[in-house]
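Presented sequentially are two complexes of chain A, the first with chain B as partner and the second with chain C.
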Partner chain A sequence: MSELSTRLEVELADERGIERTLGTPRAAPPRRPLLLKAAALVLLIVALFALPFVVNSYLLFVANLTLVYAIATLGFDILVGWSGQIGLAHAALFAIGAYGSTIAYAHGVPFLLTLPLVGIGAALVAVLIGFPAIRLTGFFLAIATLAFGFVIVEGLTAADGLTGGGAGLSVQIWRLPGITGSASTYFLTAAVAVVTFFLARRALYGRFGRTLQTVRHLGPLVGSLGVSALRYRLVAFGVSGAIAAIAGALYAQLQTFIFPAMFDFNLLVPFLVMVFVGGAGSLLGPVLGAAFAVVLVEIFQDFGDYQAIAYGLALMLAITVLRGGLVSLGKEVRDSRLIGRLTGRRAEKGAVQRAQ
Partner chain B sequence: MLQSILSGLEAGSWFSLLGLAIVVVMKAADVPNFAMAEIGLFATYIGTTLAGVGANFWLAALATVAAGIVAAVVIDVTLMRRLAGHGHFPLLLMTIGLSLALNALIGRIWGQTARRFEAPWSGKFLTIGGVDIAWAQIVTIVLGAVAAIAITAFFRSSMGAQMRAVAEDRATARLVGVRVGRVSGMAWGIGGAIAALAVMLQAQSTLVSTHSASSLIVYGFVAATMGGFVSLIGTFFGGLALGVIQSLAGLYISTSIEFAVALLAVVLVLLARPSGFTTGLRLRDV
Partner chain C sequence: MPSDPQLPAAGVPEDGVHDAVVPDDVAVEGAGALAEPAETPAVELSDIHVAFGGNVVLDGVSLSVGSGFTGLIGPNGAGKTTCLNVISGYLRPGAGTVRLGGQEITGRPPNRVAALGVSRTFQAPRLVPNLSAVANVLVGAHRHFRRGHFAELFGSGQARRQEREQEARARDLLDTFGLGTNADRPAGSFPIGSQKIIEVSRALLNDPSLALLDEPAAGLGAEDVDRLVTGLTAWVGRSDGAVVIIEHDLGLISRLCPQVAVLHFGRIIRSGRPDDVLHDDLVVEAYLGADFVVDR
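Let's look at the complex of A and B:
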């Protein structure tokens, strides 16, 4: 009886399945003393910018790739995790950034200017892609955006006069005077990452993020609160697209050679892995997810197919075992029965009475 | 023109069948299965391996379908059932992970070279009024239609009614005595068999590989979307239409754009009818 009833309860809760994956609304992290926070931030930034002087070029590349993926995943997470819309054109928007910036830079536009340009351009494209969100949700939105994504990547292949077609395009490397190209890219990436995460933190733990989550939970009902659900959904698409494109531009600098097949399903799946293995709907999640994905790629680099197998297994494990992603790992371990027994933790006083 | 409509219908039959496999699992087990094409590919490779060591074609074909059923049921029992009731999105991610791992595993075992499933009628043509029609095309189109009719009929039987009940509301179905686990295993088995059939039919007319499987699954999902993930008839005709559209786009525009055109057509369908293009036509089976 008891087993049946619990299983029935699980099934009755089916409707809320997506909520469980995406997590409950996030409260802003507790405020820590200002001095401590500032010290941690300064330490982090110093560590980030000191890295090129202490590590070899291979580790620098790995760190750089992790940062680029972290930025892109943050954008994806804003759409998928925070606003709860399954838009699957992210890899294509990333490609728009990579190609847009490379082509503009080759035609004489200053490189630093190409970043905001591709950001704005991709935001517009993303809003267009998100337009079906007016009528579609869930699956159907996923299929429609996936279709747009494929169209963009196919378009990059077809426009071979500009993009070099399927054969690819070599990237003109931007460099700061006096240092190598890879160090310049790294400094730029680190700066963009710090700025993006800072802005995202302000926005997501503030009014914008709270409204996005309300829209996710209530849908069109938020209209009764005077909030346009549609506008917030489209803005989420736009912001996510802009971040994807800026990360894409940095990715092109890092890879030095780009071709359309880099940006198809083979990139979209890692993005999904990064969001969900890291933990959707959090700020630290994208960083952890990106680090996980890059380390996985580097470890399994010489093993070919095993890399894809590892990716697939990681995604499956994250979904079955670690619902909140790596972000929640600490909490899960702390709350687990074994650790509780080892540390002699007692049930909260009064918890039993309340349950009865 | 006629030739490309025919080959569009042939490709459309593969898409329809895969779409039907997805819809059947979706209807009864409530899992959007992104790994369907890999299940079919796995089964087909088992068949080609058997044929390669000298087994009779019919035996190999039978083994393919059986392998599809077994693979799908094993996946249901070992992986998916623990996640039942977690909603569509986690399950979709789960099957995306599974398809990635399975695809790589198949590549590991059988290699990346494309394979073909030689049938007794492979390479033979029927000439009608000066037009050569490959027997492979005829077999595929006819089998696709037969399978679609058979599944539709099945869903009207008692077992089918139980499946519809489970799809409608798992908890209530269990309360009135439907054995949900068996029904879901059955649906996966049927889905696996149809997916194996789809990839096998593709393999007896063209080359299949781990790459073709990952593009086939997108078409299958698009076909299922056209049926709103519930309508078998909508999925069947959606898949056929998809095949013809992409074949004509390849003929009149360019072959590199055909995938994009087919997908754009779907976006238009979705925008006009957000839950499949047969909704409201009273064709729904659930």
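Let's look at the complex of A and C:
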């Protein structure tokens, strides 16, 4: 009888399953002097917006792609790293943004207006996709959302009247008066990135982030604090979907031509790599992960299928050796636990330290 | 042994007799002893039945709890945690009603129940290890945040003020539990005893009219138990809330709780003042040696 009456807690303890193996968000960064912070921020923004004037068009494309991926990965990280839910429809939501914005712009909607529109639309779709989260967690949620993602990508192929089907769709380029299309896209991407990361920082290191993490760690038990676990889990899906779609709209502008096969597994795996190699549950992680993925693709461009192997290896290394991703590299090296993990000699000691 | 599963089964055929002889007169006596007739009890269970399959866990539990501390004790498997699960909405009873301050709340989901001012803690502390102690405690104030997440996102002054106010409350509360100086350390870096205290603080920041604590002192060292008792007593003195404590440490129960109810095989077999209850023959028999623990 005692087992039965406490069954609730035992079940919940087991249920955390694979989410537990993922990196957890780290604590809020220490508060630095305001002047220093402002100076760093201004420097960063100036550097971002000065870039088109100093680099060639190839490097500008690479920088732009990195920023687009960083925004999309931030959205994915909010779902996976912060709320601890493995939703695998992210590439499809990214596609909704790309197609939605391109089609709306072609039909006369002002381009800047298409960004919030696809954001809202994708948020609604993401919440629908997240509905299995009422009952499912971990592996089963991953499968359910993956299926939704495939349905969406297949739907894009099937609706060829609107989307051009498997043959693809040419993107009408938006440009600011007086400058080239690629520079316009870059400026817009940089602005969206700055705003998104600023807002994400405020929310994630504030009440929203701590409630989301509590939902993640307590599961349904969080109800005892008056928090609806379900609502927060669905909101995480919605926010993540909105950010994905806005990044997708920018991605379409960058690529100038989009087709459904761009948004299947070949994009989902890089997204996973970016989240985990960069470091789940941090703000810098998505940026580092995006830079890593883009650089990896550029280096291995000539090697064809080896790209996939490189992605696989990177993901394996990130999960086995560098659990916290690239953001934790400095700390790991400092604690010199990296060597210990590889040889297994210091693993036990590390575990004890963490437990205390 | 009291945990012999045959005992309640054997009691079933002669249920009528059993009811008439023991629990009925106890229930009357218990209700009188536990709640002042004039005031509305903080929580009132009437005739709660819970069964998992054929396994009867709560068999007609009636209990009313007024403000201050109430101990809920009984041998393992008596249904104590199940009682808390029923009150906090995690279990829908097969029959019976739960009233909170006179309002019926039977079958409402946990977050709605908590929003009415019912907090609870669990046997194993569940904190977010990488968040600071004070951030963990702040989550308990959820229902007191009037401004939504959009206000926070766009940095409205009211949202900031509200956050500051709640943070001050959280720090105050941690102070009363003697953890104020380390409030900014990650919760995971605290020893398990302190983590349990942080969890209790989180539950109390809800400012509940009823706090349900499931073995808050289990696994705590003497120093931590003192902190817990000091903090809880201070909180009850300040807020006039009701606290239901499940605890195996009967010394702590008799030190803290003016009222005690004893659960045994899903029934309240005795309730009243700890001195009387803990020396009652029936209770001693249920515990087999509880008497010894108290007298020591």
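Here, the second predicted complex is superposed on the first by the 311 of 356 C-alpha atoms of A that agree within 3 Å, B and C clash if a C-alpha of one lies under 4 Å from a C-alpha of the other, contacts with A are read in each partner's own complex, and residues count from 1 in each chain.
Here, a contact is a pair of C-beta atoms (placed from the backbone, for glycine too) under 8 Å apart; a residue touches a chain by one contact, two chains touch by 3 or more.
Everything numeric here is computed off the predicted structure, so don't read it as measured data.
**Q** After superposition on the shared chain, which partner residues are touched by A:40: those of chain B (first), chain C (second), both, or neither?
**A** Neither partner.
**Q** Of chain B and chain C, which one contacts the greater number of residues in chain A?
**A** B
**Q** Does the superposition put A:112 against chain B (first), chain C (second), both, or neither?
**A** The answer is neither, since A:112 touches no partner chain.
**Q** According to the stated criteria, A:225 is in contact with first (chain B), second (chain C), both, or neither; which is it?
**A** The second partner, chain C, only.
**Q** Pick one for A:269: touches chain B only (first), chain C only (second), both, or neither.
**A** In the superposition, A:269 touches chain B alone.
**Q** Identify the partner contact of A:155: answer first if only chain B is touched, second if only chain C is, both if each is, neither if none is.
**A** A:155 contacts chain B only, not chain C.
**Q** A:143 in the overlay: touching chain B, chain C, both, or neither? Say first, second, both or neither.
**A** first
**Q** Using the touch definition from the top, say if A:59 reaches chain B (first), chain C (second), both or neither.
**A** The answer is neither, since A:59 touches no partner chain.
**Q** Where on chain A do the contacts with chain B and the contacts with chain C coincide?
**A** Touching chain B in the first complex and chain C in the second, residues 4, 7-8, 13 of chain A appear in both lists.
**Q** What residues of chain B sit close enough to touch chain A in their complex?
**A** 30, 32, 79, 82-90, 92-94, 96-105, 107-108, 170-171, 174-175, 214, 218, 221-222, 225, 229, 254, 256-257, 259-260, 263-264, 266-267, 270-271, 274-275
**Q** Help me check something: in the complex, which residues belonging to chain C touch chain A?
**A** Touch residues, chain C against chain A: 5, 52, 55, 57, 76-77, 79-82, 85, 88-91, 109-111, 113-115, 119-124, 126-132, 135-136, 138-140, 142-143, 145, 149, 152-153, 155, 163, 186, 188-189, 191, 202-203, 206.
**Q** If we count contacts the way the header does, which residues on chain A are in touch with chain C in the complex?
**A** Touching chain C: residues 1-2, 4-9, 13, 24-27, 199, 202-203, 206-208, 210-211, 213-214, 216-218, 220-229, 354, 356 of chain A.
**Q** Name, in rising order, each residue of chain A that touches chain B in their complex.
**A** Answer in residue numbers: 4, 7-8, 10-22, 86, 132, 135-136, 138-140, 142-144, 146-148, 150-151, 154-155, 157-158, 265, 269, 272-273, 276, 305-309, 311-316, 319-320, 323.
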